[in-house]
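Read from first to last, the chains carry the letters A, B, C, D and E; within each, the first residue is number 1.
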Amino acid sequence: MSAVINCAAYSNGRRIANVKITDISKFLKQEDKFVWIGLHEPDENLLSEAQQQFGLHDLAIEDAHRAHQRPKIEVYGDSLFIVLRTVQSIPGKRELLFGETHFFLGANFLVSVRHGSTLSYGDVRSRCETTPHLLHKGASFALYAVMDAIVDQYFPVVNDLEEELERLEEDVFAQKPSREIITSIYQLKRELLEVKRAISPVMEICNRLMRFDTQLIPDETRPYFRDVFDHTVRINEMVDSTRELLTSVLEVSFSLISIAQNDVSKKFAGWAAILGVPTLVAGVYGMNFSFMPELSWHFGYPFVLGSTILVCLILYWRFKRADWL
Amino acid sequence: MSAVINCAAYSNGRRIANVKITDISKFLKQEDKFVWIGLHEPDENLLSEAQQQFGLHDLAIEDAHRAHQRPKIEVYGDSLFIVLRTVQSIPGKRELLFGETHFFLGANFLVSVRHGSTLSYGDVRSRCETTPHLLHKGASFALYAVMDAIVDQYFPVVNDLEEELERLEEDVFAQKPSREIITSIYQLKRELLEVKRAISPVMEICNRLMRFDTQLIPDETRPYFRDVFDHTVRINEMVDSTRELLTSVLEVSFSLISIAQNDVSKKFAGWAAILGVPTLVAGVYGMNFSFMPELSWHFGYPFVLGSTILVCLILYWRFKRADWL
Amino acid sequence: MSAVINCAAYSNGRRIANVKITDISKFLKQEDKFVWIGLHEPDENLLSEAQQQFGLHDLAIEDAHRAHQRPKIEVYGDSLFIVLRTVQSIPGKRELLFGETHFFLGANFLVSVRHGSTLSYGDVRSRCETTPHLLHKGASFALYAVMDAIVDQYFPVVNDLEEELERLEEDVFAQKPSREIITSIYQLKRELLEVKRAISPVMEICNRLMRFDTQLIPDETRPYFRDVFDHTVRINEMVDSTRELLTSVLEVSFSLISIAQNDVSKKFAGWAAILGVPTLVAGVYGMNFSFMPELSWHFGYPFVLGSTILVCLILYWRFKRADWL
Amino acid sequence: MSAVINCAAYSNGRRIANVKITDISKFLKQEDKFVWIGLHEPDENLLSEAQQQFGLHDLAIEDAHRAHQRPKIEVYGDSLFIVLRTVQSIPGKRELLFGETHFFLGANFLVSVRHGSTLSYGDVRSRCETTPHLLHKGASFALYAVMDAIVDQYFPVVNDLEEELERLEEDVFAQKPSREIITSIYQLKRELLEVKRAISPVMEICNRLMRFDTQLIPDETRPYFRDVFDHTVRINEMVDSTRELLTSVLEVSFSLISIAQNDVSKKFAGWAAILGVPTLVAGVYGMNFSFMPELSWHFGYPFVLGSTILVCLILYWRFKRADWL
Amino acid sequence: MSAVINCAAYSNGRRIANVKITDISKFLKQEDKFVWIGLHEPDENLLSEAQQQFGLHDLAIEDAHRAHQRPKIEVYGDSLFIVLRTVQSIPGKRELLFGETHFFLGANFLVSVRHGSTLSYGDVRSRCETTPHLLHKGASFALYAVMDAIVDQYFPVVNDLEEELERLEEDVFAQKPSREIITSIYQLKRELLEVKRAISPVMEICNRLMRFDTQLIPDETRPYFRDVFDHTVRINEMVDSTRELLTSVLEVSFSLISIAQNDVSKKFAGWAAILGVPTLVAGVYGMNFSFMPELSWHFGYPFVLGSTILVCLILYWRFKRADWL
């Protein structure tokens, strides 16, 4: 049963005992104690053991067994079932790893079930244990602590995405927009959408935790969930304005492509004109008419050459002034 | 009366009898029993027989007779009328088949009426009959079972659409966007819209089934409809983000077309310049002036040829460096 | 007074008398009877006569006199004033004719006032009179019957628009997008917007008729207005998805125009290159240098001609392979 | 004190006296009378005099002194403060003049304060005085009368904008889209936005006047504000659909520009090909090879010329057929 | 402790004493007095001192210590915590400086905490002290005064942005859209988004201050917050319509780029045709056929030259008329 990462009972905010899964129900009967248990990709046996110990609903257990849920909160009688998506960015690589954590919150227990690549919540637990006057508020405070840790993971990720946007802005305005830049814009759009899908339902979840007409979240814990709510709103806003700016970057880069196209056309037209004139003149004096008086002039050649070059220079100067070259 | 696929009475979650249409009203009077009947494209006679047996409303019967309804839920006195759209994808073909199923739910009966290409719900019924402790909850549980089956049909379909999107992404970024890709993007948009129209009203339907102030859905069955609701929300979200990404793909592919256009222009301009220079030079030395000293030089020809080729090479190198060729 | 199309009193769902305008108030006093009167573009005298007979509000009468109202419902004391827009498509022509019908509904009267090109509601009245058990529900049922007829007129119109969309889709994908197609897309957009403006407020009207806290719509008639509501929602949805697809068609056609442009550029560039090479070669051998050994070779001409043609063929083959020609 | 345009007391819907500003408070104490005063760009002294006479709130007076408020309604104790924007179009010129009118409505007084280029409400007052049975409803009816006049000013303005849209549609589809048309589209967009900003808050204002839980608007006056509301909704709808169509016109004109661009490219490519062939042929026969048998044929020249022209004609015919020329 | 900018007690709207941080709690116990304290980037010690004196919540103090909060309002027991963003534009530079100010409002105290580049509120305090009849309303009036000052800072900033838009409009319509203009459009979009993010949550904050079911904001102060609300709405509207117009400018400039591209193509095609004709003719008469009768005509050369020039002139005239040149 290595899927049980940690299972302890707390009283007055202090860990009083490590508990075996099968002994949990004993502890749950004692007042002023709560049990906090962390599971990692548990198998069916373990989950049904937990179900029996905590008295959880069939449908919630079924959900907890499957990954790829969307973030949500559901009330089952006197317990809550919460699904959150976690995120990690791999240092040095442009890739986001999403995982999932499910929670069962009861009056005196918190069960967390991790799926996929999520960090252990051992650190969070340790930090909580250093502030017994807070952990003393009960299982809902433990829930807050873990949710806060999960939501805070999004900040560096979204910061990275904002920086990627700035890099793209610079690229678009400094260089000519290229295939690679456009591809990166799309890539970033996709990532932002994924983050958005993971984080935006969390606002509703926090909102409900702040307002629920339930005894599970005591009044003194609610401001903490408002804090999580506030962080979620900020992440959401960062994602939204990055998305909006990215859309503008795409539109703007589209205009810039057209302007670049225009520049190519003008440059081409200008040089074609400059090359076209001497070609034409050369053609004319390449004609084989018997009677072409200019041909027999002694300085015909340098004169024609000279004046053609002059015309070319004038054209060059005018195109330059008109910003075509 | 081959349109009656199945008609049975249940008690305590177990099938106690197959029932003739005309005997239904007898069973409906007995407490603790419910009748579950499945029809397939019934004719008017059958429907009016059912109307009499179950005491259904004229307008609901009229609706049940016509296919091409939109998904909806309507309360008629003490019974519910529900319309859902079913979907099937034909393996190996890119085509979606939509059908319809209508339900009449009463305190102790469930009538399902299938239209168009929908699978029989025989399997669902069999599965329900293997869990009498659940079917024991009554007609509303049978309704849940069929609705769940219908909604779950959307998952593979939407997965296919997501995969089609990925294929299109790859095509757009790997190859140059072509007529075929653009046409496929439009095709996918159309399909997503159809799925969206079929599934999005189902959220509202589930929502009302979860909250209805009615005795038809007992409290213990409601979490099941929340489960269906949850699946519907997920399908909707998948459709929505596929749609959003598809829109981005279209925009991006548009930028890529412009960049490709730009590339053609640059390449053309570059080669035109490289060919234009020797053409000009050749023109000049093709002039017929009597006095053109270069013409009579012994190495005039190779020298002019050589220096022209040199200029061309320099041009080539510069265009190459400027990424025009 | 030819503007009075029909004016009859009903009792128990049966027409008991044709009534003169001036005698109406007599009938209104009798219980269990209701008066149903149809007017067509009445003049001021007639309207003020009706106002007196039925006791209608000044502002409603003022509105009823003017066409070009938007669909709306208004409560004036104990009567309702409803405005609907009717639609007709002229067979064989691409044009929509919009008209208007206003209704005054009281406890025991219904006045309909038609403006512009609307069909007479004589048929509706006749059909109602064949089902006295329904018409027996009173003036509100008569209102339902006419509203239903008006809303059902939208189905063929919207079907035509959907077919027009399909025709445009085909045109866009089969041919190259042209001025004509783009113009038709805009035309269709305009028509859809007009239909949308005419039909979408009707949802709200039906909604209020279904829920109004009034005695004017008896409970047993309300499901009928839900039926009209349902039809309106379907028409709305059809219009909306046609609009959405049309927008996509416009975007897609824009991409296709760009691709077509790209094709022209490539083709031109390819042929220019193929023609440019022999032109260059010809220019070179047209130079008048005294010493150009190739010129005096016996097979110089055929050799140069031959190798130039060879280069052209190679170019042709390479452009063909790169899909430029 | 020429800023006081009109100041009169009314009783039973009839003007009983012209009142001096300083005597107003006397009249306000008498029951069944109300005072209606019209100011035009009053100075601070006049406003503070009015404040004292009517007992108005500091903040409202501060607002009334400044123009460039947005339309709004505010309750201050037992009086209302309303801001509306007026509009005028200058005949023969494409320009809109916006002004402002502020109202203070109390139980028995109405103060209107005009700013900027607005028409005097003398006409409205005269018209009201001809219908004492209506004006008898009190100050709120006077408010209705002026608001109705203000809102009705928008109809001709919006009609002009709709006509401008139609002119632009015609221009876009008949001619090629030009700089001027695009500029006009933008100009119209700007004007529509200005009208929208001026009129859309009025819906909310009317809505609140229709529903306010206050004695200031007696029940019998409320339908009149619903009438103003209705007009506002119509103006809004006209503006919205003009905006929507204008957006489509811009998109469509963009497609048409691309098609025009395409046409230019095709035409150019076609003619370049037709000119390129004889140029090439001429180049070939301008080569100076000693041995070029065709050159010495007697009919070489006319034959080559003739066949080249033939090729050109064939090319012309094929390009014509392919719709390139 | 130089972070304490100002700390004073007020009674009846007059400053009665400057207070030391550590003496605050003494004053808070006295009725009819309130303490107004201004901090600037306080360190942790100072904040925890303030926390003790005023009895503030841990989470609020934690927030007040960190800058980069989003604007928000939070109720902690019987005090409010408010975050606002301030803005300043640097004269002569196109750059916006955002700062933050946090407020703690209690029954008889107001604490303001400034972060980043914000102006001191010394002026606001002085102005308040000149109107003791207003400041007499208590701490909530002091809050209003500072909030009003903060919101009013946005007007000049948004006016600058509107002027920048007008400058861009002119540039787009007068000149050809260029890289620089497009870059400026994007820059302006970014700034508008930043302002929007800073100001739009303030509407909700004012809204809640206007309606809060709390004793902290006395009824007589609420209209003042409505005034701030009104200013915020106006700023928001200005930002929104600038954003909308900016989007249109981008779209329109995109069309103009295409038209400019079209103009270049046409001009190029026209001149290419005009140059192409004499080049072709010259090529023809440069052919070396033995028998080309025109070559030996005495006036062959001037005749050919003349008629070629004539053709060119005709072409020029036709292209000019067709608006290609």
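Keep in mind that, in the parts below, a residue touches a chain if its C-beta (ideal position, glycine included) is under 8 Å from a C-beta of that chain, and two chains touch if they have at least 3 such contacts.
Small disclaimer: the values here were computed from a predicted structure and weren't measured.
Listing every chain that touches chain A and chain E alike gives an empty result.
Hopping across touching chains, the smallest step count from chain D to chain E is 1.
Put simply, chain B has to spin 145° for its C-alpha atoms to lie on chain D, with the angle rounded to a multiple of 5.
Computed from the mean C-alpha positions, the centre of chain B lies at a distance of 41 Å from the centre of chain E. Averaged C-alpha coordinates put the centre of chain A at 25 Å from the centre of chain B. In chain E, the positions touching at least two other chains are 254, 258, 261, 265, 268, 272, 279, 283, 286-288, 292.
Remark: ring traversal beginning at chain A, heading first to chain E, gives the chain order A, E, D, C, B. Against chain B, in their complex, chain C makes its touches with residues 169, 173, 223-224, 226-227, 230, 233-234, 237, 241, 244-245, 248-249, 251-252, 254-256, 258-259, 261-262, 265-266, 268-269, 272-273, 276-277, 279-280, 283-284, 286-292.
Of all the residues in chain B, the ones that touch chain C in their complex are 57, 59, 70, 72, 74, 76, 177-179, 182-183, 185-186, 189-190, 193, 197, 250, 253-254, 257-258, 260-261, 264-265, 267-268, 271-272, 275, 278-279, 282-283, 285-288, 292, 294-301, 304-305.
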